[in-house]
Structures are given as structure tokens and as C-alpha cells.
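Please find one structure pasted underneath; my questions will follow.
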Amino acid sequence: MQLGMIGLGRMGANMVQRLMRGGHTCVVYDMQPAAVAELARQGATGSDSLEDFVSRLAAPRVIWLMLPAAVVDQALAKLTELLDAGDIVIDGGNSHYRDDVRRGAALQPRGIHYVDVGTSGGVAGLERGYCLMIGGEKTVVESLTPIFATLAPGVSAAPRTPGRPPGRGTAEQGFLHCGPQGAGHFVKMIHNGIEYGLMAAYAEGMNILQSANAGKRSRAADAETAPMRNPEYYQYDFDLSEIAEVWRRGSVIGSWLLDLTASALLDNPQLENYIGRVSDSGEGRWTIAAAIDVSVPVPVISAALYGRFESQGEADYADRLLSAMRKQFGGHGEQRESEDD
Amino acid sequence: MQLGMIGLGRMGANMVQRLMRGGHTCVVYDMQPAAVAELARQGATGSDSLEDFVSRLAAPRVIWLMLPAAVVDQALAKLTELLDAGDIVIDGGNSHYRDDVRRGAALQPRGIHYVDVGTSGGVAGLERGYCLMIGGEKTVVESLTPIFATLAPGVSAAPRTPGRPPGRGTAEQGFLHCGPQGAGHFVKMIHNGIEYGLMAAYAEGMNILQSANAGKRSRAADAETAPMRNPEYYQYDFDLSEIAEVWRRGSVIGSWLLDLTASALLDNPQLENYIGRVSDSGEGRWTIAAAIDVSVPVPVISAALYGRFESQGEADYADRLLSAMRKQFGGHGEQRESEDD
Amino acid sequence: MQLGMIGLGRMGANMVQRLMRGGHTCVVYDMQPAAVAELARQGATGSDSLEDFVSRLAAPRVIWLMLPAAVVDQALAKLTELLDAGDIVIDGGNSHYRDDVRRGAALQPRGIHYVDVGTSGGVAGLERGYCLMIGGEKTVVESLTPIFATLAPGVSAAPRTPGRPPGRGTAEQGFLHCGPQGAGHFVKMIHNGIEYGLMAAYAEGMNILQSANAGKRSRAADAETAPMRNPEYYQYDFDLSEIAEVWRRGSVIGSWLLDLTASALLDNPQLENYIGRVSDSGEGRWTIAAAIDVSVPVPVISAALYGRFESQGEADYADRLLSAMRKQFGGHGEQRESEDD
Amino acid sequence: MQLGMIGLGRMGANMVQRLMRGGHTCVVYDMQPAAVAELARQGATGSDSLEDFVSRLAAPRVIWLMLPAAVVDQALAKLTELLDAGDIVIDGGNSHYRDDVRRGAALQPRGIHYVDVGTSGGVAGLERGYCLMIGGEKTVVESLTPIFATLAPGVSAAPRTPGRPPGRGTAEQGFLHCGPQGAGHFVKMIHNGIEYGLMAAYAEGMNILQSANAGKRSRAADAETAPMRNPEYYQYDFDLSEIAEVWRRGSVIGSWLLDLTASALLDNPQLENYIGRVSDSGEGRWTIAAAIDVSVPVPVISAALYGRFESQGEADYADRLLSAMRKQFGGHGEQRESEDD
């Protein structure tokens, strides 16, 4: 099939490459001419304006947007002025699913089809394939099957689920039509919420292992600080890199995130090259907002998100207030790090 | 009654003063002669050694220890060598209740009575009185009623609970025999666990109010950072000092901790004189350990404690690992504070 | 002043009574004629339709709505058709602050002033006074001072904050103009979020005390269940009613909620007359949504809300999935309650 | 090598089979003669008493215990009476690592070597291999390499970590000497703590998806219940079985637990055959206790454990107290499920 890609950052460029490898032809556009040129060098049809881009696509056009969520609406407004009834626009980025619902409804009177695709896979997706969670009209989504089948990892990427009937849907190929518009990004949103929880679970466990020699450090014995009751039980100097590695085979907690953790720790078990300021890109927040709307308790995902906020310094005022309260009732001044040693 | 006090820090010295005001006579001892001299000036009987201290007390002796938990065992070992059957030792500090059980059992064969008293009230206790949670043998605890009644705030310190029969126990005077040895510190431990949760609830709420003008600050619009969806709804510049004050009267969340919060914010609503490194003195940790032993879910108290650990930098390794994972799957570098502005 | 009250439920009726006691005259309306009649009997001017109600108020009218949040918009639409420029409508219920912003903007062109008042105090407010958090235009809010001053508890309801300059604002009387429209309900929303956290902190602590005799119960010793390691330390039979009472005086955790807890436990320490299905009325949810919007970590308030969801059965599917996972990897069937004994 | 196995439950019996397939000879014992007979039929040497079992093993003996943690001490006491200096006892079950430290120290004077092995893999381990986390004396552990290498999955079970030097330790074969006695169970404890967090993250996400059609259900509009603000956004009927399947390939959250989740949902997406009473077997609790001892924040793992406690009904008293408080301040009765519909 022919597909037009707008947005040639890390994700978009890799997806174009994977599509071309799979025999599709791609027309590409980006604000950065260099990004266009690079893919043109690899066989894509470049374009130097939105108009040029649209004119190079055969009707009905299939256009995939791979842009930061914050600029999709703006890009979409310009683009759709140039489109015709029957054309299909796919948002493959990290849009909020409510924006999909709104956009789909806005484009519907003009006969332009809107499809939302939650895309997971990261920088490894070029080789590994992308997991695609898709929302939109049934026949429109079905018409895009060749694209999705090429981007997705394919059934051989994992053992088949025992007992699953052959030919039961596309999920085991790595792409799924999840429901009407918004459904794709809704499922991707939850996917990312889960991801936050998984990551935090590993990080917490590793942090304990990292501190399992805490009994070797002395602790202050004043009225303000609890002495460690059993320092003799915290004398272990663990090799976290090897522990991440051993868990990768046979254990209940094996996962792709664990594979990545083992990679990260291999060269750098103390991770000194990170400052520990953990970003978040929205889906974790939206997951919690959705959970609250539907009355579902999500303590784990919430704790994971709040941990990121804290890493960004967002608990500072609260912490100062806690110290201020302690000063009020107990006359306690704050302790500096050095005093704890 | 006559009472001997060992440990003349903030708490111990104030308790001696309150006891003397209530007509009791006090013999006092501390490693710091100046602390002894100061109370002697106010009417207490000073002593310059443990032997001297013990010799000035009439048998059966009543001795109150007000020491950091970490040094009680050591002090107790020296002291009890000098005591006789029938003497009473009271630990009024923040001991772990299991230490009370152990100490009580160790002293029992020698006829020395051990009483554990969880004491709440902080620096305000001198004027306001202390809430006393008491564990020990029934007759021994009852013999100390005059002491407890003086240290406690008395029934007039709060409105009587509607429907409570007059003369039903001592709780409404502010002291309570909670059960056998360890019961006093067990109840105090839970008290402090609750305190952690209460403090954190106020701090979280205040932190939101403090950030209620976040819509006025611009936020980055890149693939890594979620843009704020509705900045127009976060334009409030609240006066936190006045809000703490208004909540003190008539609201459901009025409390002594709120009174202290209003005091702290009155002079210094931004709390710049604190760095937000929040100490913990053990009871919060022990509360959670006890909850887990008895299978009781304590997500609020746990979150409060973990927030303190995070303020002490104890999440740093976990946070660096999260950034490392993100780098692995998404190629994301960490963002510095300045990039978020 | 003259004030019209629409909505004579628990809260509205009590507020009318408190206003009349304070010398104000009240016109009242409710869908239930009996509620109108009861207040008319006490001196209010009754009305039997919205038109009748409006006609009995002198211009510029001051009208207070005390209605469930879900019906305010509908009531407001009918009411404001009957109003004139210069009239003031006050929403004293539990509206979402964003609805205030929207309503204020909608009424502004017609010269009708909208004021939002977050009201705390519950059924005790009639005697105790109400804490009022107010949003709206400055001059309009100031014109309502006599109403607010009567509804609020007044400065004598609590000790003055030490060092607070006399005459510094109205907060110490128990009412506060917090900011523009929406500010009142924003502050009330946070107030209720804090309330959720405070309540949960007490409930968790009490639950541990209630289980402090768990060592007396035998626990299964199979591969599925962790045996209690130290049952000898959990042999306490605490009297929770007395413990709540003793904490009311002198302790750091004294509060109005603790006073209520002591009342609730006085007659019924096992609380058998409750099933433990804990409702929530929205503000807790909105608090968390706001916190996430402004990147503030709120683990305590979130845990408190999620605990309520769980009490409503909303974790059931998640729990069944956890059991299903355990069955998959461990072959573990679920244990029934009887097996644990 | 020859190995003696005591405890022929699910895990022990499978491990014997895997060892025999790998060419080792096994002597087996269990309280249930039928379990012994079944393995004898498959080629193991059966025994009908501990004495018989020990007599059939060549010195120095290698004996693996695969027993519930609660009975290990008792079994060990009887067994070690029959052993000689140089014999090795391996505890492969779920012991607390502190028990390992104690046992190792107790056996050391008699020259009996104690090795602790945390074993992960569950019922799938027979085919998939077991992940082994090992604590003990270096030379003793090294002498057991043939056993560990057979039980573990081997390096081919997962792609090699990029950049890992060939021959760097045994971790990539699936077994690791983690440190001195206790180190194996310490690492396994943390492994299981992480497992709790991972499982809960998936369960929370799936629970939201399961409720993504909540907007189709009406919600009460009274003062007690928050109406859903945007029901139009919660109209999705997701197929959870297919969503679990699609995530298995290419996504960031792929894992063995997700594979199992897809299996569990395949036949039974509503999971009606579970009641949602989720057991815990101790390691989650111990993980949190260890984290607190070393001051590491573990909000995610804690939330996961507390969710299990709640599923067991352990929040009931706290929930009743919350309802009682609400009744006190708001006069609110509890709502029954039917009222919410």
C-alpha cells in the first residue's frame, strides 16, 4: 500500500523504514528537511510542503501522523483542508482519547475517516515490530490491515497462547481493532499506566537490594532518628546487574522491561549518569483520571506516577510544611544529611 | 507523690515542672549538670550521679525515664542494679513496645515493676498537659494515678463526649491504662502512625493549593512532557495562611495539627526556612510493621512514611533506574528543570 | 439582611434557622412543601413556587442555593429567568469549581452576580457554625458579610492563633473570600480531600488496634499462607472507645474528627450496625484530578479514596484477575475464609 | 550427581523429574507414601522414613528440602540429627532469610553446610526451568553447580543481553550465587515483592478497561454520590482477552505474567470462577519490612500487598469506622449497592 507519514522523529522515521522493508511505498513530510532527505535517500518519496505531500498521495489517501500530542490539532487543521472525502487520517502518537472522539466527530461530516492508533515499542520497534491498539470505523480499520500487519511484530514474536484457536482475530499478530474512535488511545493509555506500575515495581525492588548493606552504615541514636534494630541482617553487598540478569530466565518476573533493566545495569550498576528526574508524558495521569471517573481503585499506578512527580521536586512544599509542623509540636529542627551519618 | 526523673531534655524538664506545679516533689538526674541545676533552681532535688539520685528517693521508689529510645536499655541496666524489690521504673520515652515486654519480663524476678507510658503533647505539654497511654500491672499503674492525673490535661481540656457516663474511667482526664506491659507504647506507636497520616493529608492538600496557579506557568510541548490540558482552571493565587486559619473554626478538618499549621504559615507562608528533609523517629515504621504482622491494610500511613523517606533522598536510586529504563526503551534523555519551564 | 434559600434539606434548613437566630429574615423554597411549612412555622417566609419565592425577595435579591450538585444547573436555569441585574446567586452546595467558573461567566452579561461558597460543618453546623470558603467578585462578596458572619462560628470558637494581628481579615471568624469565582469550591474541594486522608488515617490506626490480639488466633501453616512470626507480641485486647477518648486531650492527634470517632465508638465499639460500604461525594475525586493536573503528588488522599472504592466492591475484578494469575503460575486455588482459621 | 529431595509437593516432585531428565539420580522422601511411590515409578529411589532416606545417600550427602516455610525448622531438626560433617542441606522453599542466617550459624559447628535457594518458576518450571537465587558458602555452592545448571533454564531460554561478555558468571544460565547464607532467600523475597507489584499493575489496568463502559450505567444524583461528569467518554466494551493477547508482542509491557494473564482470560474473560480472595505467602510482607528497615520507599509493592489484605476482608473494620464518622458529621446513612444503580 501507499502511506503518507507526517512527523519523522525517532518513531515516525523507524516506522517508515519498517513499512518500506515490508514492501509498502511511503510519502514523507517533516518540518525538518534533513529528516525528509534522509528517508528519501532510503527510498521514500520526499515532499517539501503539506501541499506537495498531499499531491503525491493517490486518493483515497492514507496519512499517518506521528507527532507530539500537543501539536496534532494544529497539524490536523492544516492537513485536512487539503484532503477529500474518503481519505483516512491516522493519529499514531500519544493523543488523549477524548481528542480522538472530538476529531473523529469533526471530520465525519466531510467524509474524512479518522483512526487512532496507540503505538508501543519504542526505539526497538524498527526491528521488533510495534504493538498497535486501534480505534475507528470497522471497515476503515480493516482496509488498513496490510499496513498494520507490516508494522506489527507478527505471531512468531512470542509463543502462541495455549488453547487459542488458530485464526481467532489479529491480536496474536500484534495489532487489534479495539473499538470505535478513541478506543485505540484508550487502550494505549491504560497500557502506559500499567507500564508505570511495572517500572516502579522493579525500581523499588532494586532499591531495596541496593540498600541491603545498610546495616554496615552507622545510624544516629538521638530522639529524632530511629536506630536500626537489626543491622546484622543488612550486610549484603548485592551485584544488581547479575541479579537482573538471573531473573530473566525461568522466573515469574521475566519481562521485556527486565531485559532492558539488565542492559542498563550491565555497564553502569550505580547509574551515576542519571540524576533521577523522571519525566512523564501524560498517559499515566490520564489513566488515573479515567480510573477515578469509573470508580476503579488504582493505588499502584498512582504511586508510580506520584513517585515521578516527587522526583521532579513537586513534593517540596509539602515536605517543608511537614518539617514546619514537626518544629511546631516537637521543637525539632530539620536534620541535614551529614547529621544522619 | 515523690518522683525521680532521669533525662532532662525538652520533654523531661517540662514534665518535672508540671509535676512540681501540681504539688509533687521531684528528684532529677541528667548527664548534663546544667540541666539538673536549672531544675534545682526551680525547686527540684538535684543529684550528681545515679547512686546519688537513687539514694534521694524514698522506697518504694518511683522513677521516670525520659530518654532517647536508643539509650534506655543501657540506662536501665545501670539503674536497676541500684533498685530494690517494689520499686517502679517508668519508661516515658518512645521505646518499641517489644522492648517493654522484654524489660518487664527481665525485671519481674527481681520484684521491680516496669511501666511503659506513651507520652504525647510535645513542647506544648507543659501548659496543655500530656496525653498518657499506659501499659503495666494494674495495681502498679493505679498506684501512680496522682502522677498521671497531674501530667494529663484533665477533663476540662475538651468538651465531654456526649452520652459518656460520668466516672467512666480516666480516659477523659487524658490518661489511660491500656493493658499489660507494652500496651502503652503500642497505643502510642499507633498514635504516631495516625499522626504521620494526618500530617501528610494536610501537607498534600496545601501543596495543591500552593500550585493552584500552575496554569499561569507555561509548560513544554514536546513528546516527553504532557501539556496541561486546562490551564485556565489553574489561575488561583491562594493565601495559604488565611486558608489554614479559616479551616480552624467550624470545618470538619479542624484539629490541633491544623492550629499548628496556621501558626507555622502565619509568619512564613512559603516556608523558605525549611529544606523539606523530614525526619522520622521510628513509630511510623513500627506501625506499618505491626499492621503487616496482623494483616491490616495501611496505605495512608505507609504513603506518609514513604514520603518522608523520599524527602531524605531514599528514592534516588529507584528514580535513576526509572530514567535508565526510559532511556532504554524510548531513547529519552532526562529533562533538566530548566527545560520544563 | 434578607436572604432567600432554595433547598431545605439537612443543610439548608439548619442554615436558615441559624440565620434567623442571627436576626436575618429568610424567604424559603423547596420542592417538598412540608419542608417549607416547617421553616415557615419557625418564622421564615414560605413560598410555593419559584415565581412566588422570587417575588417575595426585595431587589437586589440575595439567593442561596443548597442543592445536590447534580441538580444545580437545572435549578439555576429556571431561577435566573426570573432574576434581574444586580441580583446575587450563591451556590453553597458541593459544586465542582469549574461549574462555578462556567456559571459565573454565563450570568455575567446579564448583570447577575454568582458567588460560590464551600460550606463545611455538617449537621453540627446549626450550633457550631459553618466554615465558609468563598469565591466571587470582591465587592459582591463584601456586601454579603452580615450573612457570612452569622453563619460562621466566630472568633471565639477556637483559641486565636498566637501572633496573629487583630483585625487581619475575616478568616479567624470562620469565613474567607478565597479568590474569584470557583475559588470557594476549589478550597472546599481540597478541604474534603484532606478530610478523606484524615479519616482514613484514624481508621487505619484503629483497625490495627482492633487486630492487636491477632496472635491469639491460629493461622494456617501451608505453602500458601504466611504464618505469623511472633504471635506473642499480638495479644492485646484494646478498648478502642477508651483509646479514642484518651487521645482527645493533650495528644498531637486531637481533632474534631477524633471527637466524632469517640462518640461513634462510645455506644458501639464493634460498629456492627455498619456494613462498611463507604460513599464518596465527588470532592475527593476532584482533588486528585486537580493534583494530577498541577503535578502534585497526593498518595495519601488517593489511598483514602481508593479505599472507599474498594469498600464499594470496585476492586473485585482486579482481585479475581490476581487469583487467576496465581492459579496460572503456582497452581494455587483460592482459599476460603474458613481455611484461614 | 546424587541428590536427596524431601517434600514432593507440586514443586519438589517437578524438580526431581527435571533433575532425573538431566541425568542426576534422586532419593526422595515425603510424608505421603503415594508421592514417593509416584516418583519411584519414574526412576527415583524411594524411602519410607528419614532414616531410610539418609541411609540411601552417599556421603557427603546433598539434601534439598522443598517444604512449606512453617515446617522447615521441625524437619531440619529431625534430619540433621542423622547427618554428618560435610553434608549439605539446601532449603529451596520460601523461608525467611533471617531463618537461613540462624540455621546456617546453628549447623556450622557441626560441619553441616546450609545453602538457601530462592526458587522461582512455579508449575511451569518442570519444562521451563527454575530461576535459582542462591546463598551460602562459596565453595559449597560451587560444588552444587551441576544440580543448579540442570534445574535452571539455561542461556538459550532468552536472548543474551547485548554487550554481556561471554562467560561472565552463571546468571545468564538462570542461577546465581548471590552472597552468604540468607542472600538467596533475600533476593527471592525481593523478587516476590516485585511480583506483587507487577501483578497489581496489570490487574488495575485491566480493571479500568473492564469498567470502560461505565458511562452506559446510570448513576444516582443525590447529595451523597458524585454523578459521572462525562459518561459519553466511557462507552467502550473492550475484549480484555484480546487486549492481553495484543500486548504480548512488541509492547513495552510484555512479560511472562502477561502471557499467563492472556491464558487466564482466554477461556474466561469475566473470571466468574474466582471470588477474588487473594492469598499472600509472606515474601511481600517481608519485603516491606525489609524496605522499612533500610529506609527505602516502596509505595507500589505496599499498595499491592494491601490490596490483597483488603480482598481478604481485612479493611472491614476500618470501613465501618469511616461510615460511622460520616454518619456523625453528615448524618449520612450508608448506601446499599441497589441504591447506586
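Quick notes on this structure:
As written, the chains take the letters A, B, C and D, and residue 1 is the first residue of each chain.
Following the convention adopted for this analysis, contacts are C-beta pairs under 8 Å (C-beta built on N, C-alpha and C of every residue); 3 or more make two chains touch, one makes a residue touch a chain.
Here's who's who by UniProt: A, B, C, D = 6-phosphogluconate dehydrogenase.
Note that the structure is predicted; figures quoted are calculated from it, not measured.
Looking at chain B and chain C, the chains that touch each of them are A, D.
Interface comparison, B-D versus A-D: the pair with the greater number of contacting C-beta pairs is A-D. Farthest chain from chain C (centres taken as the mean of C-alpha atoms): D.
Here the CA centre of chain C is 42 Å from the CA centre of chain D.
One finds 37 Å separating the Cα centroids of chain B and chain D. Distance from the chain A centre to the chain D centre is 28 Å, each centre being the mean of its Cα atoms.
Shown for chain D are the residues that touch two or more other chains, namely 122, 200, 202, 204, 207, 211, 229, 252, 256-257, 263, 285, 293, 295-299, 302-303, 306-307, 310, 312, 314-315, 318, 329.
Across the interface of their complex, chain B is touched by residues 252, 285, 288-289, 292-293, 295-299, 302-303, 305-307, 309-310, 312, 314-315, 318, 329 of chain D. Across the interface of their complex, chain D is touched by residues 9-10, 68-71, 93-94, 96, 122-124, 199-200, 202-204, 206-207, 210-211, 221-227, 229, 256-257, 260-261, 263-265, 268, 271, 274-282, 285, 299, 303, 307-308, 310-332, 334-337, 340 of chain C.
The part of chain A that touches chain D in the complex is made up of residues 97-98, 101, 120-122, 125, 128-133, 152-155, 157-159, 161-164, 169-176, 178-180, 182-183, 186-187, 190-198, 200-202, 204-205, 207-209, 211-212, 214, 228-230, 232-234, 236-239, 242-243, 245-259, 262-263, 266-267, 287, 290-291, 293-304, 306-307.
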